[in-house]
Amino acid sequence: MEYSARNQLKGKITSVELGAVMANIKIEVTEPNVITAVITKESAERLGLKEGDDVAAIIKSTEVIVGK
Amino acid sequence: MEYSARNQLKGKITSVELGAVMANIKIEVTEPNVITAVITKESAERLGLKEGDDVAAIIKSTEVIVGK
Amino acid sequence: MEYSARNQLKGKITSVELGAVMANIKIEVTEPNVITAVITKESAERLGLKEGDDVAAIIKSTEVIVGK
Amino acid sequence: MEYSARNQLKGKITSVELGAVMANIKIEVTEPNVITAVITKESAERLGLKEGDDVAAIIKSTEVIVGK
Amino acid sequence: MEYSARNQLKGKITSVELGAVMANIKIEVTEPNVITAVITKESAERLGLKEGDDVAAIIKSTEVIVGK
Amino acid sequence: MEYSARNQLKGKITSVELGAVMANIKIEVTEPNVITAVITKESAERLGLKEGDDVAAIIKSTEVIVGK
C-alpha cells in the first residue's frame, strides 16, 4: 500500500518513553535533527518500538507550519 | 517567543505553488529529503515565501505517525 | 512497513475533485458512510486516484473527536 | 449547532482507558471496524464515556490520509 | 450531541473566500482577535456561511501549540 | 522568526497538569474563554510553564472546525 502522506523521514529511534495512554518516541532523522512523535502506548507496543529501530516519521503536509 | 512544538527542521524552499486558497511549499531539509507544507495562500504571501528562502518546517509531535 | 496509525477504514472511491493545490476525495467505507479526505492534488495524481479505486482512509487517533 | 467536519461515524464504545492526562476510547463503528480516539481524560469524564455508549467519531477531512 | 473538543470560541464571520476545493473563513472571536479557519468549500456551502453569521471556532486541544 | 500559523491568541495560564507523557495546560484567553492545550510534558517543562504565565495559544487554520 502506498500513502498520500508523502513526508517520510527515515531515522533511528533513540528513546521510547511509555506513559499510561501515550508514548513519546524520539527519532534521529539526520544528525543533529531529532523528531519527537507522540503515539498511543498500544501502537508503540504493537510495533515493538525500541531504541535502535529503523523507522520512518510520516507527516501529512497540512500539519506542517512554516517559519521564516 | 519560544514554542512547545519542538520539531523544527531547517531547510530551503525549492518551490512555491499558489492556489486560490491554499499554497504548496516544498522545503529541502537535508538532501535528499523534501518536506511538503500546505499552508494558506495568504500566509505564503504574508511571509513572502519564495524559492531559495531559508525556512523551518515546524511540526507538533502529536501529528507524527511512526512507520516500522 | 507497518504504521502506528491504526485507524484504517477500507472503502471505494466515489468521487475525485481536483483544485489547484488540494483535492477532495470521497470514499464510501460502509454503506451509507462516506469519508471525505482532503489531500494535495499532487498526492491524488501520484497515487492515480479515480472513482472505483479500492483504498483505505487512515486516521491518527489523536485527530478523532468524540460526540455523545 | 451544525459542524463543518462532516465525517461522522456512528458506533458504540467498547472500551475506555484513562491515563493521567489522556484517555483512549475504542468505538466499534461497523463490525469489524474499530476506531481509536485519544482525547483528554477530562473530556472523557465530562461526557461520562463508558462501554456501551452510543457515540460518533468525528474527523475533519484534512486529517485523513489515503492509502492505495 | 455534546463534543469532546471543548475549545469553542464564539464569534462572527467577517469574510468567506471560496477556492476550488477549500474555503478560507475569518471569524472575529473577540476584538481584535480573528481566527482563520480553512474548511472544504462544500462544508462552507452546506452550512451557508456568510459575512455576519454567528459561529463557533472549535479546536481539539491536541492541535494547540503554546508559545511563551 | 515569523510563522505561517496566524491564529495566535494571547492569554494567561490558569493551570498546568502533568501526566507521564503529556501535559494539560489551561489558558484564559479572554474572560470567560479558556483554551485547553495538550502538549508533551517535556515541552511544558522545557518552557517552564506555570500558572500566571503570559503565553500564546497558536493554532494552524486547517485545524479549526466551524460550527453554526
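Which chain is which? They are A, B, C, D, E and F, in the order written, and residues in each are numbered from 1.
Methods note: a residue touches a chain if its C-beta (ideal position, glycine included) is under 8 Å from a C-beta of that chain, and two chains touch if they have at least 3 such contacts.
Predicted model only: the values in this text are computed from it and were never measured.
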item: Lowest number of touching-chain links that must be crossed from chain B to chain D; value: 2
item: Set of chains whose contacts include both chain E and chain C; value: B, D
item: Numbering shared by both copies at the chain E-chain D contact, with half separating same from different; value: same
item: Label of the chain whose CA centroid is most distant from the centroid of chain D; value: B
item: Pair in B-F, D-E or B-C that repeats C-E, with over half of contact pairs matching by residue number; value: B-C
item: Centroid distance [mean C-alpha coordinates] between chain F and chain D, Å; value: 22
item: Rounded Å distance, chain A centre to chain B centre (Cα mean); value: 18
item: Computed distance of Cα centres, chain C from chain A, in Å; value: 22
item: Touching two or more other chains - residues of chain B; value: 1-6, 19-22, 24, 36-40, 42-44, 47, 56, 58, 60-63, 65-68
item: Complete list of chain pairs which touch one another; value: A-B, A-C, A-D, A-F, B-C, B-E, B-F, C-D, C-E, D-E, D-F, E-F
item: Sites on chain F touched by chain D in the complex; value: 17-24, 36, 38, 62-63, 65-68
item: Residue numbers on chain E that touch chain F, as the complex places them; value: 5-9, 24-25, 27, 29-30, 33, 35-39, 43-44, 47-49, 53-68
item: Partner chain E, residues of chain D touching it in the complex; value: 1-6, 37-40, 42-44, 46-47, 56, 58, 60-62
item: Complex contacts: residues of chain F adjacent to chain A; value: 1-5, 19-22, 40, 42, 60, 62
